[in-house]
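Chains: A, B, C, D and E, in written order; residue numbering restarts at 1 for each.
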Amino acid sequence: MSFELLIDILIATVPLMLIFATVFAFTTWLERKALARIQNRIGPNKVGIPCTRIGLFGLGQPTADGIKMIFKENIVPTGADRLFHLLAPILALIPSMLVLCFLPLDFPWLNENSVKAFLLDGAVIFFFAITGLNTLAVFMAGWASRNKYSLLGGMRAVAQMISYEIPLVLSAVIVVMMVGSLDAAEIAGEQKGGNWFVFYPWGFAAFVIFFIAALAETNRSPFDLPEAESEIIAGYFTEYSGFKFALFFLAEYIAMFAISGLAVTLFLGGGDGPGLAVLPWLSVIWFLAKIFALIAVMIWLRGTLPRLRVDQLMGFAWKFMLPLSILNIFVAGFAWHAKQLDSQFIMVITWVISLAVLYGAASGLNQLNRGKVRPREYKYAE
Amino acid sequence: MNEISHEPVLQQFPDAEWDEAAGAVIVPLGQARTMAEWLLGHGLDYCSNVTGVDYLEREVKEKITNDAGEVETVTRTEPARIDVVYHLYSMQNKTGPLVLKQRTSRDNAEAESLTPVWRSCDLQEREVFDLFGVNFKGHPDQRRILMWDEFEGHPMRKDYTEPFDYEWEPTPHNEILEKHQKGKVIV
Amino acid sequence: MSTAAAPNYELIQQDGLETNLLEVSMGPHHPSTHGVFRMDVKLDGETVVDLRPVFGYLHRNHEKLAENMSYLSSMPFTDRLDYFNSMTNNWAYALAAEKLIEVEVPERAEYLRVIMAELTRLVNHVTLIGFFINDLGALGTPLLYAFREREKILDLFEQASGARMMCNYFRFGGLRNDVPEGWLKRAGEVVDRFPYFLDEYEQLLCENEIILSRTQGVGNLPRELAISAGVTGPMLRASGVAYDLRKVDQYGIYDRFKFRVPYTEGDTGDCYDRFMIRVLEMRESIGILKQALAGISEGEIMGNAPRVFKPKPAESYGRIEGPKGELGFYLIADGTPKPYRYRVRPPSLINLTVLRDMCLGGKIADAVIILGSIDIVLGEVDR
Amino acid sequence: MSILGGGIFKGMAVTLRNFLGSYTNKKERLPTIDYSWRADGALPQGIGDYPKEKGEQLSDTTTVTEYSRNFPMLLHDGGEPMDTVRCVACQICERECPPQCIYIEKDYDENGKYIKRPAVFDIDVSVCMSCQICVEVCPFDAIVMNSQFELSTPDRFGGLLMRRDDLLKSNDYYHKIHPEEAAARDAKIAAEKAAKEAKKKAAAEKARAAAEKKATEAAKEDAK
Amino acid sequence: MNEEISFWILSAIAVLGALVAVRKRNLIHGVFALLVFFAGLSGLFLLLLAEFIAAVQVLVYIGAVGVLLLFAIMLTERVAGDDDRRMISRGWSWGLLAAAAVFVVLLLRPIQQLPSQDAAQPIKPSVEALGHKLINPYVVTLEVLALLLTAALIGAVTAAQGLRMPKEEDSPE
């Protein structure tokens, strides 16, 4: 192994981790601030530059939180599996960090070799393979804590992640099918010039399914059942404190970035955006901006929605998302063949038919699953 | 709110008494359940309040007019007792209340449970059992409700005196204190 | 009827694959048991097969305390029963004691009592809905909107009585003091703004698909059982019984106001009904408030009742339609300045009678929201 | 047919409106931050940063509302506190206090004669629940509610036990913190005093008249 | 050189994982050790430039089989055994014999052929090539496998349906 290759790899990986760690800190602040404003509070506003009274809108809050987390006591319950209790947060963090390198981020400082460090033919499939490891970490945390709530949370998390991985993968498969490649860079390249897949009916449906499944995968509201504080305290990290908790927290946010990044790659054109011809490095900015847009929607949803019940959650995955995403594959295949004919008229027809089929199927499934659930009328007695 | 007349009850159950001062029907011994079912059948479907009242043995001075037409003060002793009071209403007729009282002795307090008739007595009778020590025959789940299971005594009784410390139990502190007083531990 | 009412403490039979039951003690330290309430839950997977409420963690024997002090002195303690609704607690106690000493309440005081009680109802219902949605898993957004509006009403309470929650405002025969100048105008402004908030609140919650599917068909309470179990308040009306003490007893001056009592059409009520009945009740309360604020006139606020008194031996039972249900006070006077017997009929406790019946067979998440929809305050449950 | 997920979108519209509204309409959306919505508008603006930035009015205990109450204080009419203290140590408040946090001892002079003032008047403010019952039962208007709230202390046991001398406040101070209430109370005392004086006067008049009558009668007698 | 170092490290991880998986009496620990073995194996595939197989190894063996094992263990009575007791089971010699037999049968020939393989050109199997192979020559096998899996899935669903609790009749509205 040449020393230079090692340097190249470090050039590729270290900034990635640093950037996302910083972005993580900023996102926690953003989330707290946005949620506070949604809830008509002002959120963190005190911690700014130390030893001064400058608040900086509370931008120092993540740093302060981090310092607090590090110095907090690490409590391991009696009877807990100490080794697994320690390993679980680490195991949660590693896959989340690892998958970041599959995102097609063209940093200006990358050279040929360092790009090669991530160059994998099957980037998309690797992405799913590695994010699947999160399940194990969650299970490990839930089991090792020796707490019934943790165990319930762990079991919920495992069931949920496995179920939602299927619609997630199936909607990604559509893009892979249309592009004919598993390579993330190639998929992003296909969407250059505003030809984003989200603008197609099948692409839009797949994007919505992907986004909903991604919410479930990252345990975000309204699918935050594994950490449902009103039912099972904090789920699998009930017994975590201090730095281990911070690692879980970090892992969760990094996973959010990673999965949003994949959504951006698959459906939102990757680094595509105006001004690329003049400034090529702008693509990174566009990419991150799109990630932030998705995360803002996640925060917005979190501020709005209550969570589902566990059986409804599974029902939603298997009875709504799965049939719809399978149908969507057929629609996409149909659209692909129609595209080969290269006719404006057929394109329009395809559009209309795809839209009708997808919307009809969605509302049909919705009716089927929700049954008699609807707003009611009430009587008044004088 | 229309009052419910107690006359039909007294007609149906001749043994029942009417306590004018309290405005309550005193249920004859052993007939509480039958009476409750009869009342339920006659529209009193809602039992609002169940509680106990503890009366110690006491001397009552009463002014009565004797045969000669003079007012004289008579002292009589009222025996100690516990009343279990039920406030009944009718939701369908929107009438009420009718007050029932089960009277029982203090030493061996026992009453008939009306939980099988009105579910609302469930927790409230448990509470009376807990705080007054009235044993309810026929209650499906008679346990202490507000006090902990190991608690002794019935705090709502009038002669209840609270112990110095409810939850005193020997702790290491005492040992350390003793040692400290003997000069063994240097703090 | 008694069969429907008979409590059944048997475990649900489980068929099929035999697995160990998971026994979870939810509470007294649990985020959503609304205080130090505890439920001993047996779970089969996530399904509740047995549930036993455990009470008493906040027990302070309020009744015994009150039996050892004068009638007036236990008035501030009634604030601490249901600490969300101190005004209505005061009213119920004042009502019972006023029956003993037979004083007239001046008209202005009666109007102010109605205003305070209805404002309290708004506070209670709006926060309850917030907590309920919080139990459903929303990240406190509806709750904080509720608190935002509650803030405005609590400011009114503070201006009138000097305290935000422990108001201690009612006295036997009237009120402690008159409201300050301009208070009625400010109250009018708050009341006028409230419907806009309710519109927004309903838009946020009432059509949300997740809330609909989480609450409908969950925690069914049949009418028969509700009546037999003495369930009162919005919970009873959600089970299809239009029984409101403001209509039935017409205590105070409620006979002067025009308002309607919302209730469910069918024979059973679920969590959604209980939630919606409260929303609709708030609208009616606003109607009452508007009438009361328009109808109030100048005058005395205190009848000629002494602060400390010795009522003649008698018994009285005063009950009002509290926001949580029928709040009753049972007093026995024996001629001394202290009540011989002082009993609170706590709606929160008695509404919990049916908790087990509603939770069995549901999921653990359902148990949490059913408890939320019952609307308990532990200060009142344990007393 | 309603739109798929229409309720969710409606809810999201509401939260978005609140998000934006918290920047534009503070009066409605952030009532605890913005106090200008209050009709009296007399609230200190720096209150949000309370321990760091004390609003002007907080330091001299001017209160939020007229009726706000924190812990009781004893009133005196100015000058040397113990000479003009209104309390006569009748112990009614001690008896009526719901949490039993008042302790009073009467004052006696060296001859063992009861002077109408308290020798000891302690209020344990860690027990006091600010219910104002003592104020209501006091027949001498001697005890009223203070609104000072900065009472935190590092001393667990002694620090929250307010002694007589801590509790003594002048009537002027009372006028400062609760102007309306104090004025009403003063008026009531004045009226009572006037009534008493009138009664005394009437009694004196009566006595004088009786004496005069007696005198005239005596004079008549003498004349006879 | 690099490849060799990586190979030895990964092999060590895999072997250690396998050994721990066999020896641990705590079932959960055992499963996680097994997963470490799978991870090592996946690394070895990656070293052979078989990216797709490596990904599938992670996806299927770690992601799916591991979780399946964990779920199965959750249904057993005693999850955590005593690690100290009976470190070597009674029939260990038979196990060793069986392992040796499998090793000989499966790997003897490839090992004998090693020198000749050395000269062969390393091919880079791309996902695309794999896909074409699956669709063109092996399409029947693939379809049959798919059918089998579907049948298994339907069977599992049917079995689960039979075991479900008899549901109480839906309450009226």
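Operating definition for what follows: contacts are C-beta pairs under 8 Å (C-beta built on N, C-alpha and C of every residue); 3 or more make two chains touch, one makes a residue touch a chain.
As the structure is a computational prediction, the values presented were derived from the model and not from experiment.
*Asks:* If every step must land on a chain the current one touches, say how few steps get you from chain A to chain E.
*Replies:* 1
*Asks:* Please name the chain that ends up farthest from chain E once chain centres are defined by their CA atoms averaged.
*Replies:* D
*Asks:* Comparing the two chain pairs, does A-D have more C-beta contacts than B-C, or is it the other way round?
*Replies:* More contacting C-beta pairs are found at B-C.
*Asks:* Which chain is the middle one, judged by CA centres?
*Replies:* If one averages C-alpha positions chain by chain, the most central is C.
*Asks:* So how far apart, in whole Å, are chain A and chain D when each is placed at the average of its C-alpha atoms?
*Replies:* 59
*Asks:* Averaging over Cα atoms per chain, report the distance between chain B and chain D in Å.
*Replies:* That pair's centroid distance is 41 Å.
*Asks:* Could you work out how far the Cα centre of chain D sits from that of chain E, in whole Å?
*Replies:* 79
*Asks:* So which stretches of chain A touch two or more other chains?
*Replies:* 38-41, 303-305, 372
*Asks:* Two or more other chains touching the same residue: where does that happen in chain C?
*Replies:* 141, 145, 148, 204, 206-212, 217
*Asks:* Could you list which residues of chain D touch at least two other chains?
*Replies:* In chain D, residues 8, 11, 14-15, 18, 29-30 touch at least two other chains, as defined above.
*Asks:* Please name which positions on chain C make contact with chain D in the complex.
*Replies:* It is residues 69-70, 72-77, 79, 141, 145, 148, 151-152, 155, 158-163, 166, 168, 176-177, 180, 182, 185-186, 193, 200, 203-212, 307-308 of chain C that touch chain D.
*Asks:* Applying the document's contact rule, which stretches of chain A touch chain E when the two form their complex?
*Replies:* 1, 81, 84, 120-122, 125-126, 128-130, 132-133, 135-136, 139-140, 143, 155, 158, 162, 165, 181-182, 372
*Asks:* Note which residues of chain A are touching chain C in the complex, please.
*Replies:* 35, 38-41, 148-149, 152, 156, 221-222, 224, 228-233, 302-312, 370, 372-382
*Asks:* Name, in rising order, each residue of chain B that touches chain C in their complex.
*Replies:* 1, 21-24, 37, 40, 45-49, 51, 53, 85, 87, 91, 94, 97, 99, 115-120, 122-124, 127, 131, 140-141, 144-148, 155-156
*Asks:* Would you pull the chain A residues touching chain D in the complex into a rising list?
*Replies:* Touching chain D: residues 34, 37-42, 53, 300-301, 303-305, 359, 362-363, 366 of chain A.
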